[in-house]
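The structures come next, written out as structure tokens.
Next come two complexes built around chain A: one with chain B, the other with chain C.
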Partner chain A sequence: MIQIESLSKNFAEKKVLKEVSLSIPNGKITSLVGSNGAGKSTLLGIISRILEPDQGAIIISEKNIKEYKNRILAQHLSILKQSNHINLKLTVRDLVSFGRFPYSQGRLTAEDELKIDEAIAFLNLTEIAEDYIDELSGGQRQRAFLAMVVAQDTDYILLDEPLNNLDMKHSVQIMKILKELCQQKGKTIVMVIHDINFASYYSDYIAAMKGGQVIHFDKTENIIEPHILHDVFDIHFEIIERGGRRICNYYDN
Partner chain B sequence: MTDILSLSEEQWLVLRVSRVPRTIALLLAGIGVSVCGLILQQMTQNKFVSPATAGTLDAAKFGILAALILLPEAGGVLKVLFTFAFTFLASLVFLKIADRIRYRNIIFIPIVGLLFGGILNSVTVFFAYQFNIVQDVGGSGESYGAWMVGDFSGVLEGNYELLYLCIPAVLLTYLYASKFTVVGLGKDFSKNLGLNYRSVLNIGLVCVSLTISVIAITIGMIPFLGLVVPNLTSLLLGGNLKKTLPFTAIFGAIFLLICDIIGRLIIFPFEVPIGMMVGVVGGVIFLVLLLKRNR
Partner chain C sequence: MSIKNKLILLSLLCLGLLAFFLLFDLPTNWTYAFEKRSIKIAAMIMVACCVAYSSVVFQTLTANRILTPSIMGFESVYVLIQTVIVFLYGDKTFTAVNDKENFFLSILMMLGFALLLFRFLFRKEKSNLYLLLLIGLVLGTLFRTLSSFLQLIIDPNEFLMLQGSMFASFNSINLELFWYALAIMLLCFVLGFRGFRNLDLVILGRENAISLGLDYFKTVRLYLILISVLVAVSTALVGPITFFGILVTNLTYELFKTYKHAILIPACCLVSCLALFCGQLVVEHVFNFNSTISVIINFVGGLYFMVLLLKVKKV
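Here is the complex of A and B:
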């Protein structure tokens, strides 16, 4: 479980997070949704220790993340940021190998090699494993980064807009992979996502943020309700239910 | 062939005192400057940064001048330490500046580096004139009237041995090769992998500052080398330092050796200082690289 305890963060005078508290359940996909500037990415950044909070604490496996050694925490928790422009010429395999860095510090063992091969296979990258990252398409590149996260083999995976710049086909592909990671490998996934329908279709829990606070947190089916979504986004939502899944139509506002 | 086998005593002396030291100095400087360029490029995540465009060389010059003024009687090692301290501090400042720049344009950071180096340089020149030691500062380049242009013609047994300090520094960068690759992928990326970003940066800075300091003191400035060689290597072999760092070192040594040979042949029996040779050859190669990139 990731426990977030009264987290606050200011950028200059602006309060980006206001005493946010939340418990994110294990082995599930939790989506953070909300308008631009609601504080989603900041919250994710603090959970992943890339940003320092001004107040509050993050508890992972009953231990404050500040008490973990860098290397050990990197074996428990990984984050994939949205802007992954790499200006180094690396092959897919090179990149995925870095996922083993917290374990081997760059000197790969036989076990590391095995995990790397597994991760590459899991993301269907075997054929392009020796290709350079900067020559791949957007969807392939995103899969390569996910493969690195898979090789890092952490219980907790944080993703900041994993579908950014991907077309529909590749978005679905990525979400399916995440679902598999969660169901087959028991990973806990927390992601910031803008497309409410992807969130509705693929996540188990949704935390809705507004003005630096989590204003709703519940199972997905309890969040995808017209009045709650209106509360979060200030626009009108029509919910269409098909076979137990809820799709939002908000295009007519 | 028989000439080589039957060297006269005098020829042996020349070989031992001048030719061998010169070749070793060339190899070490070639390796040192190219590897430093590579490490600086990783640390700033910018392919256009090199000792010449990050103010590192200017800081070394400044350090040498300060050592001459403040500790005129100092021996080689003390001079190195002094210069090293200046170079390290200046590089630290440059990294801080580069880190602060929000506008992460690929050309902008080296331009800031050039400005930074220019400021250091002007301070150095000012004090050099004040103390009337413009001619004294730097390697053996003064015989050409150019200030600290790298030159190997003055390398003799007994005056180049400081260069051996490059070896441990370069070996250390190789041990840290994977870590420098991760650092080159950014601060957040490093944090995610549990890498202590700051301490790797500091180690890189120590290696770069030490190497550049001893090269500046014994040889002088060799521009372009630290820019061209790492870029050529990464263009050909990619960006994983574990694989490319040894090649960068070897290419650097060969490149410098070739420049030296050309420089000694074209106006024989005189020689063109290596700094100029590298500037010309490296400049041309770099222009070609740039044009190819834009195509």
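Here is the complex of A and C:
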């Protein structure tokens, strides 16, 4: 379980997070939603130790992340940020191999090789495993980076807008992979996502943020309600229910 | 050709040129010339390795291929110090400040400058490398302008004295200083050697590197300091060679299409040695010492820099 305890963060004078507390359940997909500037990415950044909080603590597996060694924490928790531009001659396989760094510090063992092959196969990258990263399309590149995270084999995976700049087909592809990761491998996935319908369709829990605070946190079906979404985004939502799934229409505002 | 073969070929070429320098046209009474030449070659190898190492690492840290550590203003600090010394002591310069004092003073000032920059601009949370570079660039320009101003008002004879130290030259290396420089350089290489694999992670960017368990801040800080020391040492020993870094790193990337620093750095050292040997060869046997190696390298490096810019524009 990821436990967030009264987290605060200021950038200059601006309070980006105000005493945020949250417990993110294991083995589920949790989406962080909210308007721009609500503090979602900052929260994710602090959980993943990319940013340091001014106050508060992150507890993972009953231990403060500050008490972990970098290398050990990297075996439990990984993060993938949105923009990944690399213009070096790096093949997909090289990139995925980096995922094993926390375990072998760059000297790959037979077990590492196995995990790398597995991750490449899991994301359907076998055919382009020897291609260079900078020659791939956006969807392929995103899959390659996800494969690195899969090879890292952490219990907790944090994703900052994993669907950014992807078309619908590739977005669905990525979300399905995340769902499989969660169901087959028991990973805990936390992601920042802007498309409320993707959040509704694929996540188990939703944390809604506004003005640096988590104002609603519950199972997805309890969050996808017109009055709650209105509370979060200040616009009107029409909820359409089909076969137990809820789709939001917010285009008539 | 495999990477290993390329490395072997480069090493052989280097050894060949080295032997040529050492043995070509050796006078009958050879001991004196042999000793002189050995020092010169050793200094060339050392400077080549300093530049190669610092440039490759610098380009990795800043995620680009066109900047070299000289952009941070080290060389302008060096030129300013030399100018100020001559300005203060005039024709008594060489009696007032001997080579050794000058060497260590230059290193200290360059390092002091670098550490001040890091102290104020490179902190854990706001580790904005680009701001650091920008300020370095601006201060570098300031120092250069100050130097030009001082150079303008000193006596022309004294300016000639100064000019000697503003261009790199391997023809008058002080042996004692060479040993100091070598010791410092080896120390830096050993300190940095263990982290080559960490550097491989740095190319993935800050967030990915942290996610993979790298202490990004510590790694970058360590290498920035090592780079500063190396650049300071090589500049203090032979003088500034601005375009050399760009030339050799990009040649290395072209030759060795890899991201592994354990290969890139030694390969770049070899390429640099080769380039310096060739440059020196031209200086000695084409221009008969009527030119300095800086001029040759800046000419070739400058041309290559333009080619690079045009290439980047096309992409």
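Methods note: the second predicted complex is superposed on the first by the 253 of 253 C-alpha atoms of A that agree within 3 Å, B and C clash if a C-alpha of one lies under 4 Å from a C-alpha of the other, contacts with A are read in each partner's own complex, and residues count from 1 in each chain.
Convention: a contact is a pair of C-beta atoms (placed from the backbone, for glycine too) under 8 Å apart; a residue touches a chain by one contact, two chains touch by 3 or more.
On a predicted model such as this, the values are computed, not experimentally measured, just so you know.
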item	value
Simultaneous placement of chain C and chain B on chain A, clash or fit	clash
Chain B versus chain C as contact partner of A:Leu88, first or second or both or neither	both
Partner chain in contact with A:Asn70 - chain B first, chain C second, else both or neither	both
Which of chain B and chain C A:Ser78 touches, first, second, both or neither	both
Touched partner set for A:Thr188, first chain B, second chain C, both or neither	neither
Partner chain(s) touched by A:Glu52 [first = chain B, second = chain C, both, neither]	second
Partner chain in contact with A:Ser203 - chain B first, chain C second, else both or neither	neither
Which superposed partner A:Pro102 touches (first chain B, second chain C, both, neither)	both
Residues of chain A contacting chain B in one complex and chain C in the other	48-50, 70-75, 78-81, 86, 88-90, 94, 98-99, 101-102, 105-106, 152
Parts of chain C lying in touch with chain A, wherever the complex brings them together	124-125, 197, 200-201, 203-208, 210-215, 257-259
Touching residues (chain side chain A, partner chain B) in the complex	48-50, 69-75, 78-81, 86-91, 94, 98-99, 101-102, 105-107, 132, 152
Chain B - residues contacting chain A, complex	45-47, 106, 177-179, 181-182, 184-185, 188-189, 191-196, 234-235, 238-240, 242
Complex contact set, residues of chain A against chain C	48-52, 70-75, 77-81, 84, 86, 88-90, 94-95, 98-99, 101-102, 105-106, 148-149, 152
